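Going in written order, the chains are labelled A, B, C and D, and every chain counts its residues from 1.
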Amino acid sequence: MMAQVVEQERLTRDVFRLWIEMEHDAPWSPGQFFHVRVGEGLDHVLRRPISLSEAVSDRRFALVYRVMGAGTRWLAGRRPGSALDVLGPLGRGFPLHPGDERVLVIGGGVGVPPLIQLAREVRRRGVEVAAVIGFREARDVMLVDELATLGPVHLLTEDGSAGMPGRVTDALGEDFLRGADRFYACGPSPMLQAVQGKLSGHLPGYLSLEERMGCGIGVCMGCVHPIRGGDGSPVYRRVCADGPVFPAEEVAFS
Amino acid sequence: MMDVDLSVELAGIRLHNPVMPASGCFSYGREMSRWYDLSRLGAIVVKGTTLELRPGNPTPRVAETPSGMLNAIGLQNPGVDRVIAEELPALRQYGVPVIVNVAGSVVEEYVETARRLSGSRDVAALELNISCPNVRCGGMHFGTDPDMAAEVTAAVKAVSRVPVFVKLSPNVTDIVALAQAVERAGADGLSMINTLVGMRIDIERRRPILANFFGGLSGPAIKPVALRMIYEVSRVVRIPIIGMGGITSGEDAVEFFMAGASAVAVGTANFIKPTACVDILDELAAWCRNHGVRAVRELIGAAQKGWNQ
Amino acid sequence: MMDVDLSVELAGIRLHNPVMPASGCFSYGREMSRWYDLSRLGAIVVKGTTLELRPGNPTPRVAETPSGMLNAIGLQNPGVDRVIAEELPALRQYGVPVIVNVAGSVVEEYVETARRLSGSRDVAALELNISCPNVRCGGMHFGTDPDMAAEVTAAVKAVSRVPVFVKLSPNVTDIVALAQAVERAGADGLSMINTLVGMRIDIERRRPILANFFGGLSGPAIKPVALRMIYEVSRVVRIPIIGMGGITSGEDAVEFFMAGASAVAVGTANFIKPTACVDILDELAAWCRNHGVRAVRELIGAAQKGWNQ
Amino acid sequence: MMAQVVEQERLTRDVFRLWIEMEHDAPWSPGQFFHVRVGEGLDHVLRRPISLSEAVSDRRFALVYRVMGAGTRWLAGRRPGSALDVLGPLGRGFPLHPGDERVLVIGGGVGVPPLIQLAREVRRRGVEVAAVIGFREARDVMLVDELATLGPVHLLTEDGSAGMPGRVTDALGEDFLRGADRFYACGPSPMLQAVQGKLSGHLPGYLSLEERMGCGIGVCMGCVHPIRGGDGSPVYRRVCADGPVFPAEEVAFS
């Protein structure tokens, strides 16, 4: 599917927010992702998965990405007006639960962007949102304003150069959890594992996982993660099609 | 506008067109049916299926390479009985032949899987993936030894009620010897090529990217190797070849036909674009029309006559 | 700014840095000297040289493939005596070791060519290209049979006064067996990999693009195959490996070191950019600096320890 | 070497003239070529040889090319201001001979462009130039005006839809050759072979050859053509470094 680049904003030294406009309306939910074709010609045969960060209509979306390698570097070079080949939104996003009154969104690094639209959807339903977000250092901090309009934001950096020193789990004390109905977390694997360790048994929630992907549409079995089934034993399920969001208690880490 | 006859015959099976997905790049079809009408395919080739459920390898299972990719899925599949019961019946509605890719670790496993599959009315042909390591022979691959390849082929042929294609591994010194061995053993056709063994290293973490260290290289990068092997083999065997390895366009498909393939399979290109198979089919038809080719069959082996002739 | 020690030792030859051109992509150096100062190279590797003049193959000799190319030059070279008399002396001025790639069709031809070359003060080492077809054995390649590979290695070792590297062909089922055979036969080092055999078809003309039908596939497309083979071989041999196959950047070079190479050679990338070798060297040094690597030697085999360790 | 795209003009349905400006002055002579990097990333590892068609300074050059495949298609998409990685001018161009009074330039299809600058150089030395140029059909005709300002132009098309019907060799009658000192020919191999057949023994001249190239700088031996040496027997010489222009009588065709 072809989309058009509407805007390219730099958020930090290596993170960009790309606004795209799809040709047609597309159903979406927070936590889904786009599978983005990068480069020209046949050099790059794999698309890059980037989460939906914001949706201002059913066809205008923001993708926030960190420049990591060749593909995201190429992406950062796209200018407004140029065409972008994207599949999506794909996967299963964050399920919202009627009856929730207060939820926590927990994000680390480029795991923060998908929480923006999630927090908006939650607020729209009148649910309170508190955000706990962590970055490496002050110059990596982003999207605080976007979250601050929706509820309290607890900012941490590993070196303490902005917000509180520490990692997101350091903010998840018992006091803080009191009154929360659910959490939603997105970030690097070690963070998700720590969050799971801290919150399991205390608060139900969801983790949005990352795995290297082939197809992005569920046919190659490239992106699997061990997920506990009904009998508690982990089976490989597809992050792209069965996820990327899974109930936190079902996610197994090796 | 000229009407192009796209049909081909493969070991007695008539395909209304010669384009099919390559095994492992299409799962069992369910997801792909959201992207296009699967009845447009010449055939459907499903994921490598084993006797028992296989969980597959740990992740990362895929890595990108220049114009290609590595995969080490490790044959994740629910096992032959569930495939027959839960996956294949859903494909009936498309009215195209279904080819099931069969894998195993010992001859008996291939044979039993093949026996059960060939008993299903939903299976039109089998494709033996002989690139798997043979656990009895210390992990040596069936696909690299002509005698072992012939043995597994003959054993499967003995129980199969449907045609048997043998999928050759390119990781061999002499692909022609392999092809001839399985032809003599009764193979009804060949699929070539499977992936080349490769690896990538994550230099930041100082370890292989794939959890399995090595993986199978596919995509445009391997196209020249596939064409060479098909060209060499089609000269000396009489059974048809399903050609694959890096096909991403109608022109690529034409190249494979001219090298000697009778049909083509599309793998990695599905990841570039979910509609790759039908797009390639449309481009192939258009190419034929623009070049006055009335039947795609005419292209098979057209470059065999070679240079300066 | 940290000073990175780029030197490596290869079979007793000390290189001030580990980057050299790959044979056949540098001719005998004369033309390249217009693009940069050749003394910046770790070593100079010249074109495949045979006993007698070879005219080479008819054209087209090259074709492009996705992230790669095919070549069928056919070893065009003026013969060993003219190489010694007319080409090598001009390289003295650069003060870097010169490695001469040696090819032939029968063992005696390798031996005689090697004998003459090793008698030249301009030659620091030989690199045996055993991918050429052996005319005695019906065109079978020396490089695909461990016994033949060992025989030619031992015969050349017996006459050579300089270290002998054996350049392995990747077109084999078992690269490790080849490597071990030539190591046992006395090889001082290995060069890997040579090109994969491939082809392209000109669909308008319905014939292979190359006049020679088949050619050698090189460039980024083959990098994963090269890395895998070097990784497998370096685990089991004690002799050093010059790694090559698709290197186009300093990071690629790092990948090769981590896979187990002790030095790297750059082929096809010279066609992308004449200054490829020195650009890659600069990028390698910068990478080491940015990663706190004091000596490039530390990287050799760094990914051998593997995953989850 | 990086050059900048200055202008991209369409000359016929599939032929374009690209004006580039080099970063530095570069010595050049008519008949030389540029080796042009195409595409982004590593998809295309081979550069494309395109002849110098015009030089308006020592750094501003025109390249005229037909869109044939992926590389030239990419080239046709370059817009003014974008960077282009070119090596060159490379190879040995057309030698000019002092004392010549009248020369013929003979071109077919995209063999015509290199003759423009050649004809200009020749005229600048006060030498008369007559051009014989052939195309497939009327819609392929180009560059007639450029040549017409320099001398008489004999235009042929194979189907007679413009100029005289026929091929360039049809114009090379004895009357026409009278008074000519030399010819310079550029075009597809069969044309060059026909020109050689017609003119050898009558008129000395040069042929500009085409072969598929690897390096373009003389190191790979990819681009050779059989050229007769002193003893009359053909040896393979490099089109990129020893040519692309060779004395007509030395060129062997198989």
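We take it that a contact is a pair of C-beta atoms (placed from the backbone, for glycine too) under 8 Å apart; a residue touches a chain by one contact, two chains touch by 3 or more.
All figures in this text were calculated on a predicted structure; none of them were measured in a lab.
Student: Of the pairs A-B and A-C, which shows more C-beta pairs in contact?
Tutor: If we tally the C-beta pairs in contact for A-B and A-C, the bigger total goes to A-B.
Student: Farthest chain from chain C, going by mean C-alpha coordinates, please.
Tutor: Ranked by distance of C-alpha centres from chain C, the top chain is A.
Student: Using mean CA coordinates as chain centres, what's the chain A-chain B distance in Å?
Tutor: It comes to 36 Å between the two C-alpha centres.
Student: Can you compute the centre-to-centre distance for chain B and chain D, using the mean CA position of each chain? Integer Å is fine.
Tutor: Using C-alpha averages as centres, the distance is 46 Å.
Student: Once you find the CA centre of chain B and the CA centre of chain C, what distance in Å lies between them?
Tutor: 33
Student: Among the residues of chain C, which are close enough to touch at least two other chains?
Tutor: In chain C, residues 66-68, 219-220 touch at least two other chains, as defined above.
Student: Mark out which residues of chain D touch at least two other chains, giving numbers and ranges.
Tutor: 41-44
Student: Connecting every touching chain pair, does the picture come out as line, ring, star, complete or other?
Tutor: complete
Student: Across the complex, what residues on chain B touch chain C?
Tutor: 65-68, 70, 144, 171-174, 196-203, 206-208, 210-211, 213-214, 217, 219-225, 227-228, 231, 246, 251, 254-255, 258-259, 302-303, 305-309
Student: Inside the complex, what are the residues of chain B that reach chain A?
Tutor: So the residues of chain B touching chain A come out as 24-27, 31-32, 34-35, 47, 55-56, 58-64, 66-69, 71, 73, 76, 219-220, 248, 268-272, 274.
Student: Chain B touches which residues of chain A in the complex?
Tutor: Against chain B, chain A makes touches at 37, 42-47, 87, 211-225, 235-236, 241, 254.
Student: Along chain A, where are the residues that touch chain D in the complex?
Tutor: Those residues of chain A that touch chain D are 39-44, 70, 74.
Student: What does chain C use to touch chain A in their complex?
Tutor: 66-67
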